[in-house]
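There are two complexes below, and they share chain A, which is joined by chain B in the first and by chain C in the second.
For the complex of A and B:
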């Protein structure tokens, strides 16, 4: 076989890989390069000097500040005794972890890699729950727990409302095209625009609803001055923006399910709840899990709303991890900012991979088997 | 050589064109030059720059692009643009206290020679504090002042009269006034209004406020004593009974304020004061001119201004205790009260990117000089919307400009008198001007104060958080270098 023939053979065998190579290289260049640079920043100190600036290697110091040093209050929160709510959160977490371990043991696919993955996932989940529960008293959460609050409460709220609206609009009701359009509008507005709109709407003394607030006796109440109401307002604003996303995907899922299964069940005398529970939900569950995963990834990066609505306040009560990193970066503490960003990357990756492995994949497999 | 008619005509045309171009070049010395100037999202400061930019363009041919960013982003946007060599910005109007971070790596153009040769600027007319402190780093001029800044307290004269009170002389007076006025209908709209409105928003322009209060306790021996660090060892001065007293006053003002005061920036509190909803406020010079705005103000001729209130006790740095104010403990006292007027911010000033083209630097300098020249400045400082406050000696000497702008003689004398008292005070507190001062104040101080106001930290925890945060930065940057820089900026060497 000549060299030319061998080369042709190589090209034939690897045509797919070679075609995709430029795209892969581009993606690697634009995603790996910043990752490497920010990794270097995370273990360095940036300093302005006579020669411009210098980056000095300082090891794990930036991370140490976040976890045990002067920035612990900012990142993890202020630790205190665990409240009743905190114990409930820990209990729910323990039950979830227990269920996960039980499911794994019963799956019959006990591999070393699977074990390590679950150890990391469950360990991280337990640590996050412990940090959240231990800093809950007086609302002195750090940016990590505040972000978790946005992710868990925000995405849950958005999923329930978005899915509910989608289910209603999938029914044969009058004006459903109009509702679809209306529900979809917030998604098309830029996040900063939404934040400013929401800031105006939520202004209790000058906003359009101020007469209502005053009539209800809340004229002198400021949601922005209380940590929990401020966080809730941000969750509401975030939900207003993202419910349409869940709505539109879930609507497509509801509308694409086969009608024959539902009709057959109805002919057999199944009521609406039974049809939903046994036919509709299993059919859309893989899509639901995927849409939640996408939202979770996105929710970890929340920055616009807390930045515009509250500037991270009162105090640092509404500061998300991304806003925390941004504020550090704005002060040219590039190392501290990169350390926050890297921790966010780790937490969001572990949570999302675990969610995919433990929720999305089993649902897809179950649907495939069905 | 014989010239035919066509050649002669062409030559004449070329000569005419050439002469025309030369004349144009003389008329429009910066024709074709574009200067990108960054400042903060106004409308204050940005508005006069844009308006004067158009006039300057018509006169000189230069194009002035004013680019704005939120205040909290300004320091970093300009610094990273110049430090990384992006150089998309040719000049910036920002806090002169930040200039040290720009001068050390050689990012700011030294304007000393230009200023010396610029008669139209009338540099000698710029008050000494701004000319010698705000504009200079290590004896060289890097900034051109376009605004004068001092914190003062403003009060409603009509309400004071009604309550039988005077402008507050101490912070206790301030609280008493605020308490008495709180809940009164101050603007006749039938609704209860507020005793005090102070901008306390985080990540905004609020972090100077606490220093304006604390200085009364912390600095008593004159400007060179400093109010931020001990000049012997660079130990922060923000953890002692004086600071505790200031923090308590600051929090107490919130009892007589709008419920969302911790979310109000200076623009919000100015608007509230202008609408007659507040009896007292702590602010820069802007209130004085905003109060006479005929279109928006409901408090025309109802506003008095006083130098920052003081304290009858001051911190004894040897013992760490508060002691009564007397000729020894506070030699600059007035009737037993120690006033320490705070030159917060130092006045918006223009600086030029050292890496810009020479033609651009010339145009940028000419623009800043134009804005600062008395002809423009004397008009701009009397208009509240500009955000420019007086900084030239001539602006204090005559009240004609102020009365012409709509201020009563009494109000003008009050207003200018309060600024002059601050400017001339031997116990004036100079703003922090050491490397990375933005990090000390806009990050550590701002965050700790915001947490304190939100109830996350106690008084003691707040002082400890500031002290720990400041010490950490000092250690990181080098305590000796920072101490030297601090002593040099307050004249303690």
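For the complex of A and C:
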């Protein structure tokens, strides 16, 4: 046996490991390792001295500052009495949690692990809803609630419009490939470019719609000075970019729905609404849940648009968590920045894993594709 | 059969459908149109209020294009070239690493011991502590961490431990996508500063590869799993090695999926902003940073920005039109099966 034959044998026996090794090494080096360092930073104070920098362990102080201390207004928001909208949000959250618990009790599989998971998921959900509802007055949300606003409102809007467009495009119409290509374009534009483009478009005095604003009497209204309109413009820009993503995947889902079932139902005299509700929707629901999950994952990371469109302002009104962490980093408060980033990691992990376990998975299992 | 349903669509429904579709096309195209005409406006024309039609409302001028291509010259081309190099290299790397891992997860069986993973994390923690406490430099810390891991795994190799499966590994890889870049950006910044590769192509390429690889694994896993296994099995009986099977049989079959996934990854790394902002200052600056840099002290230079946005979009749109058929077949299969 020559050396090269032995080497070939070694390669072949360990083929599986060699296939997967580069991926694992990459994640360890640039994902897991930084995560540990970040945890270290989050519990330290960072100081630049004459010779490099020093890190001092200060325990939970960075987090304390964010949750109860001087940065609370920035991170959680300014607390005040709960408004009517706030109560409505709390009610909806309570109903959602109630439905989740009921579904669990009825499923007949009450494991300890499932219970702990649900406790964490529902607890986090309730806490987030409470923070959001009680900082709602005058729109003085912190970066946490602002991020939630972008995620919930943005993804809902994108899902409704994207799915609607996909449904229309799945009908028999002329020029489908044209619409498909055109609708796909915004996904290819850099978010920074989109942010500047929307700054031009939304300009109340120089933008293309300024005659309209003037005619409607909003001539000297500035969207950038009002927290809610500023947030809304960011959601619009984000949606313009991401509707194509939902569109293209939902279109594929609609096009692969069971054609023969639909025809059979139509022969039986079912109307278009019944066909949609009983056949089309159940067949695309697992894809819909997956695509919403992907969007939620990405939406938590939003930063380019608020950074460029409004620079986080007015005040801190449009700051997302990532932008908050970035601003702290720029101010060389590395510990505070890591603490914000870690909270973001915790919230988005809990929300995304809970959504996967409690919504996506049951839907897929219902369609028999675990 | 579909033609029959078309006939059933009433003229009114048809009108509504077309109105909505054309309306949305305008929503998509108008911002792009505005960028294009802004790129040929003079600063004064932008400042005077909205002008809609070139040659009728205003006289177009190529001053911004001349500034970007001639006056800035190499200051435009360098970031453009940087972006090209970084996006294409990191796409190729993410595709090779991700496709190999996806194939292995779809076809081979892995049963890593939970105990080994715990030991690894402990060793990693010790290594980080050694660096953080300032006792030793990172090469010594890394070496001793590795030594602790290897020795403890060998010592405990006979201890019984639960094992993980392919599904767990797949979930772990894909879940990396949840990690917000800003969590990893800080330590990566410090890490690259320590080994002195900050503001180089290599730093950004490695980071983009890691960030985008989970998408490749996720999309390609479904693709590989959907390829019939019989051909591979008969080739294996004939004595072909795994690598040959992968290279000569599986990859050609997976072409549409590979093309669509690489287009997506290419777009993501071409447009990425936050990590580039962290990791580059001058030499490795990418084109999205140059766009943002036009928001100078004199206020946003809309005309220059528009030129840059146009030259950023055009190549990607052309590529997408070229690959459109492959995308329809490729990206969708993986995504729809979810």
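Couple of notes before you dig in:
In the analysis below, the second predicted complex is superposed on the first by the 347 of 370 C-alpha atoms of A that agree within 3 Å, B and C clash if a C-alpha of one lies under 4 Å from a C-alpha of the other, contacts with A are read in each partner's own complex, and residues count from 1 in each chain.
Note that in this section a residue touches a chain if its C-beta (ideal position, glycine included) is under 8 Å from a C-beta of that chain, and two chains touch if they have at least 3 such contacts.
Worth saying up front: this structure is predicted, and the values here are computed from it rather than measured.
When both complexes are overlaid on chain A, the residue A:329 reaches chain B and chain C alike.
In the overlay built on the shared chain, the residue A:338 is in contact with chain C alone; chain B does not reach it.
Shared-chain residue A:138: touches chain B; no touch with chain C.
In the superposition on chain A, the chain among chain B and chain C reaching more residues of chain A is C. When the two structures are aligned on the shared chain, A:165 is found in touch with chain C, with no touch to chain B. By the touch criterion stated above, A:205 is placed in contact with chain B and with chain C alike. In the superposed pair of complexes, A:190 makes contact with chain C only, with no contact to chain B.
For the contact definition in use here, the residues of chain A common to its chain B contact set and its chain C contact set are 205, 329.
Residues 8, 11-12, 15-16, 19-20, 22-24, 26-38, 40-41, 55, 164-165, 168-169, 171-173, 177, 179, 181-194, 196-201, 205-211, 240, 248-249, 252-253, 256, 259, 263, 286-287, 290-291, 297, 300-301, 303-304, 308, 321-322, 325-326, 329, 334, 337-338, 341-342, 344-345, 348-349, 352-353, 360, 364, 369 of chain A are the ones touching chain C in the complex. Within the complex formed with chain A, the chain C residues making contact are 1-3, 5-6, 9, 14, 17-18, 20-21, 24-25, 27-32, 34-35, 38, 46-50, 52, 96-98, 100-101, 103-105, 108-110, 124-125, 128, 132, 169, 173, 175-188, 190-191, 206-207, 209-210, 213, 217, 241-243, 246, 267, 270-271, 273-274, 287-288, 291-292, 295, 300, 302, 305, 308-309, 312-313, 316-317, 320-321, 324, 328, 331-333, 335-338. Considering their complex, residues 72-73, 75-76, 79-80, 83, 101, 104-106, 201-204, 258-263, 435-436, 438-439, 442-443, 447, 450-457, 465, 468-469, 472, 476-477 of chain B touch chain A. By the touch rule above, chain A contacts chain B in their complex via residues 45, 47-53, 70, 73-74, 78, 138-140, 204-205, 220-222, 224-225, 227, 310-317, 327-333.
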